[in-house]
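Below, subunit A partners subunit B and then partners subunit C, in two separate complexes.
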Partner chain A sequence: METLSPRVSSRGRAEVHAELKLEDETFLTDDFLRHLINVGEVDILVGLPTHNNAKTIGSILQTIQNGVLKAFPRERAVIINADGGSHDGTPDLVTGISIDDVRPASNLYALRTLHSISTKYASSPASGVALRTILAAAELLRAKACIVMSPESANIDSEWVSKLLRPVYCDGFDLVTPTYRRHKFEGLLTTNLLYPMIRALYGVRIREAYTPEFGFSSRLGGQFLNQNNWNDGTGAGAELRFTLAAITSGYRICQSFLGEKEHVERRGADLVPVLRQTVGALFPALESDFPVWSRVTGSQPVPTTGSEQEVRLEPMRVNRKRLREMFSTGVAELESVFQSILSPSTLGELQRIARLGEEEFHYSAELWIRTVYEFAASYQKSVISRDHIIQALAPLFRGRALTFLMENRNSSANEVEKHIEGLCLEFERLKPYLLEMWKSRE
Partner chain B sequence: MDHRPLLGEQYNSTTLSLRINLRFALRHRESSEIILRRCCLPLNKDALWYKDAIIYQVHVRTFYDSNGDGIGDFQGLEQKLDYFQELGINAIWLMPFFPSPLRDDGYDIADYTAVHSSYGTLEDFRKLLDSAHERGIRVIIEMVLNHTSDQHPWFQEARSLRDNPRRDWYVWSDTEDRYEGARIIFLDTETSNWAWDPISKSYYWHRFFSHQPDLNYDNPAVREQIWNAMKFWLKMGVDAFRLDAVPYLVEREGTNCENLPETHNILKELRRKVDEQFPGSMLLAEANQWPADLRPYFGDEDEFHMAFHFPLMPRMFMGLKLEDRKPITEILQQTPEIPPSCQWTLFLRNHDELTLEMVTDMERDYMYDMYAESKTMRLNLGIRRRLAPLLNNDRRRIELMNGMLMSLPGTPIIYYGDEIGMGDNISLGDRNGVRTPMQWNGGWNSGFSLAEPERLYAPLIQDAVYGYPAVNVLSQKESEHSLFRWMQRIIAVRRSNGVFGRGSIEFLYPANHRILAYLRRLGKQTVLVVNNLSNSAQAVELDLRPYKGNILIEMFGNNIFPRVGDLPYLLTMGPYQFYWFRLRRV
Partner chain C sequence: MREMIISELTQAMHELARGFAHYLPRLIVMLILAFVGWVIAYVAKVILRSILRLIKFDKLSENAGASQLLTKAALPSATEVLSRFVFLVTWLGFILLGVSVLGILGLQEQIARFFLFLPRLFVAMFIMFFGLLAASFFSRAALLAAVNANVPSPRVISFAVRSIIIVFVMSIVFEELGLAEQTTLVAFGIVFGALMLGLAIAFGLGGKELAQRFLEKKFVRGKKEENEDELSPL
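Now for the complex of A and B:
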């Protein structure tokens, strides 16, 4: 960025010295820019972050194309792939699916060209960098409505395109987050922490604030691109910050029910990285958003198309013993860490339940909420390394997850929903506790 | 003077003397007078003249009224021949002028070998023909093969009695059940291809209006009479026929009654006779069909010389609105090769509605929404508007569309009035809104006629944008930057290089889909055409590596552009801009 400082010389003429201060160089490659020039202005942009998704990307792209051509046959559209350095040919599969006068679609009818372009971003795979690339492309192409789709969704449906885009393109919403039909024991971090906490603090009932699939307007995308701090390199948790930015800036938000949610691969829960991406994005946001959330009381629903949430109930094997052991071991081994983070009463209570047998074990909602709020406050004060704070939450979350699993093991869908609602209301009720800690530690 | 070539004739092009092959003349029973008439013409000798033609489509009635009765006529048209020369036109296509009850603007013919009295006499027409030829302008007339007016004496006889000798000149049935596979073409007005004749108490077949009964081409007598009619005009000196509605000549049960082999055989027979007896004449097919179905109409250079490329035209409009070349390139990719002596005929608009028959349902809906929001603008399966109103009178888009018309492979046709951007009047019924009087000046009746305005065959366009005080030939001639002057220039540039009429086409497919770019080649000449279909400035990189070392010379200003090198050739283009470059290796 060039700054100019005028200085009047002895002869009375203004001399201007330009101090050239370089911003970080553009992260968009020349080749990608060339592709964007060729695409030109679009109405619809579909962003697709990838990394080694060759096995599934073909069918996902086909589904996206179907969705775009069916729901928006007349609109100018583009698929933008931000790839994290795939070695399996994923980008070539993406670009090979463009529909134009050189490569007409064999089984689809397209009134106009549908570009599909790919760029490799210059860092290791990171969803935040991919999102930034997509947002930059959306801004340069002046896309009116955008969606980000995940290559990890095994059952993506062409209707998802319409469900996420139409509220933005046709109804003037700025952010569309999905709701799903999930197993009652899926997404426990969402149901036990992210959803109720964001709801309590920000006053908005968004079920999936951290989601790999969402729709957004150019207004929101442009603001987030230009105001967000991308300097942490990875942009971890950018999706969550995106949702929070929409909330705090007063954008119109809605939810759209997409149906069943399945993942391509069921990996073992690698909790700490997930916490870093979610809680590690939420906690810093609380700092910057304090002027907003500190004044919010209660919460409001957002317009939702379809179900807010649907629950599957089929039996699922859970290793209760392992979860309890991880909790108890964590409480014991991290005692000194917890002493820096938690209040003595909260820590004492955790140590008490850690000694309970498997049948008696119960990590109550109130205790869990106080735990989370104390973590948040400690994070704000950086009582220890912030990353250590996030890591330390892992065993405690496992304890809470175990209690949720036990409480709901025989519950119906309505009962599960009631329990989650009860947890949310508790988060809201105890919000003053967080505020008190936040202010008292200032 | 140049003379038209005739088989068996040799002539001295610098004098009027001829050495006529008498045996040829006697064999074909041509009078020396007619031969002289046909030979003393300043037309070029080339048998493929139609490939270099710039055709102007005009209705006699609309152009200029010489006798003050409110209707244009032959003498009026003759007085305006200099206008065509000035514009650069070298062929005119006259819409039907035969005697007719005019229930379909003359396409309902009541006599094939006369002229409608409103337009003058046969002698007037002959004089027009000669005057046109003197100016190097060829004359194409209509021949409606498929049907006649129900007022034609043939039909009047045929219907009078079931055993009348001419009964079998038309297609009759006691029921409406025959030929159920045939579609209805005039959907807005007709509900069936059969009409009940109360006189002969039977049904007759009509693919168009019910007052236009189809001739029965299975009857040799019909074929002979039609040939006699064509011969009549060819002997007079007419250069070509536009044969109307040719796909529908023959019907067969179990088919859609279009493009049947028997139809092609009949047309081939006509062509054979034309070639034998009137070489150098041209047959132009009006067949609104998909490209693959159009190809048979060229035969092996033994059927039509030219055919309208109907499917391309709506796609040019579509590409413009979509700002995407895809519809245009795709239809041309699907267009089959045609024999070397054959030629596509290209047009933007004509006397009919902008037909949307040869598009998909989705494309039709798109075109309606983009170009004919009001349902009153829609007729049958088309849009009844002129070029300028369709393009919102946007000069840049009008120029771009004409640029493509003049540079895509084929012979271009300009619809009368479109060279000055005339408007339309959709409150006139049917397709009459695009057939209003030619606007010559801003004065009395726009200089079209001295008659009282109420007597004009149709009212003049009078709105503030397209009305004749604003849009007329006189004012545009006085302005260097008018559309008329621009059309003059582009026609001149087109005619300066034979590559446009006779060259091949190779599409470039730059990554920027808003750019339609192609190379036209003829021998050693290469022209690069680049069109920006969008309303915003565009950058495009063209792969011209095979032409490395060539200098690009822009053909309108003759200025040189950078030489082609190893890198993609970068061009930046303004909204709706186009370039024609001649490639020159020095």
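Now for the complex of A and C:
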């Protein structure tokens, strides 16, 4: 282990007494460390992980700078860009954008310097490594409050900076997760699995436990940096583990409504990688957090600024036929895999609904929850390769998504919310089933 | 005449007694070795069975697909089979050691060959087990990938992956055992070649449209097929 102690720079900048425990082969480059030492201590840090975001990074960066200048003109701030090997010159754009580009346009003036530093953490993107780099920089610079922003969000507003930072910097919260205004059929994995399951197991009603935008305190960042297991390569799902670490360690958590959520590029096809990043992070966490979640009953809301959830209702084109086909094909073709994971009754019920026509098709909440809980218990037991268990969930999730779409086809915002709440309560009600399986499989 | 017969009989009895006296200690040694071997083999079996249960070998064997083969052959669990196999091989080794003490000409050479063959047998078994494990893992990976990519006939792809790996593994196993090396080599060439030719023909004839769609999707811009979920999961 190596200890870094950057000291006084010759130009009279503030002394930095940050100590950072690093792996034998330090993952921060010398150049990056030199830049950090030159910056000295800061009050606010904005982390910006990128990979080939040249098209949008300019406007995003200016929005962030704008937000910092507006909300925190007296604070020392730095923007840390952790780049995953961009080939389109994204890092150059980050370091090239001057604070003076923002000032005349917005008539804003900072009393301190706003630095922008870019570092390439790897030759290919890895969200976990990017987060680790940002956390390490935050610890080195003794940042009091930090946020991570995603360049994939198309409509970042300068207000987002304030909404995510202020609860940490001014109100003493340790984690600020966002809530968004989204279409009722967007984020189905979040509404049908992540939110209800985390709520039922950990007892905390966080709408967006896996999010590319969040704010956090130096205490939480430092603890996670030093306690998280970073040896799993890309560190996929580190954002979710970060939220779970905040819950299990009893940190103060709140939510902040950011507004509309739009992606730069419309995505949806890559379900398996998304499952790996989310469910693939949640299931192993259940193993280590068992002493915590096994004692939790019910759930508590977290303080929220603004709306907890806003729903758009305009019509959306969805290929329902394809969802049903992929579900039915998955259930039929993966029978041998499901036999290792699911109980005979659950598998039998899935096979029954797989034979139903599109209009009669109904993947009930109870069956879905039993499926998810049995997957979690099988993951803990490693009945087959853990990655295969995660992959096998994809066709079943499509089936559940189809039922959610059909149930809420003509629903109002309140009715959608009611259905999600009903699902959450079912997850909570069936929690003993998971505990029973967890213990019986030990 | 009578005396001669008595003398010959006496001599024969003496020789028999001498021979018996000569072989008796060796026989006793053989029996002792067989008994000691049984005890050692039994202890080895118990220890191995405990270790295999501890490391959940049955589960591993189930994943490898070996358990299914054993069930079909009405054999006990993989742990039990392996424990019994080690017991028998160990005991047989001691018995053969005892037999070699008897000094029966011709038998010693066969016994020596048996002992030389044992390590190869173990290596072959080791290769076969992990080969089956690899075949099971990769065929399941192919099945999941094909299902999630909505590729037609995922089970055929999975079966092809499993078959190719098993053919490879069996050829290595036979080579390790030194069984009909030439025959194995030729058989492997024929099976593998036939498999590849079969796949090529199947893909060329049956998968013509699939190949066309795949190539169009890959290289023709603007012709984006409706094969995505329009929904963002997060």
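Please note the rule applied: the second predicted complex is superposed on the first by the 405 of 442 C-alpha atoms of A that agree within 3 Å, B and C clash if a C-alpha of one lies under 4 Å from a C-alpha of the other, contacts with A are read in each partner's own complex, and residues count from 1 in each chain.
By our rule, a contact is a pair of C-beta atoms (placed from the backbone, for glycine too) under 8 Å apart; a residue touches a chain by one contact, two chains touch by 3 or more.
In this text, all values refer to a predicted model and were calculated from it rather than measured experimentally.
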State whether A:113 touches subunit B only (first), subunit C only (second), both chains, or neither. first
If you stack the two complexes on chain A, which partner ends up touching A:394: first (subunit B), second (subunit C), both, or neither? second
Touched partner set for A:37, first subunit B, second subunit C, both or neither: first
Comparing subunit B and subunit C in the superposed model, the one touching more of subunit A is C
Taking the superposition on A as described, I'd like to know which of subunit B and subunit C A:87 touches: first, second, both or neither. neither
Looking at A:295, would you say it contacts subunit B, subunit C, both, or neither? Reply first, second, both or neither. neither
Between subunit B (first) and subunit C (second), which, if any, makes contact with A:186: first, second, both or neither? second
Let me test your reading of the model: by the given contact rule, A:73 touches which partner, first (subunit B), second (subunit C), both or neither? first
Where subunit A meets both subunit C and subunit B, residue numbers: none
Would you tell me which residues of subunit A are touching subunit B in their complex? 34-35, 37-38, 40-41, 73-74, 76, 100-102, 104, 109-113, 115
In their shared complex, subunit A is touched by residues of subunit B numbered 322-327, 329-330, 333, 360, 362-363, 366, 507, 509-514, 534, 536, 538-541
With touch defined as at the start, can you tell me which subunit C residues reach subunit A in the complex? 59, 63, 137, 140-141, 143-148, 150, 154-155, 226-234
So in the complex, which bits of subunit A are touching subunit C? 185-190, 210, 263, 266-269, 271-272, 274-275, 278, 316-319, 322-323, 325-326, 329-330, 333-334, 336-337, 383-385, 388, 391-392, 394-395, 397-398, 401
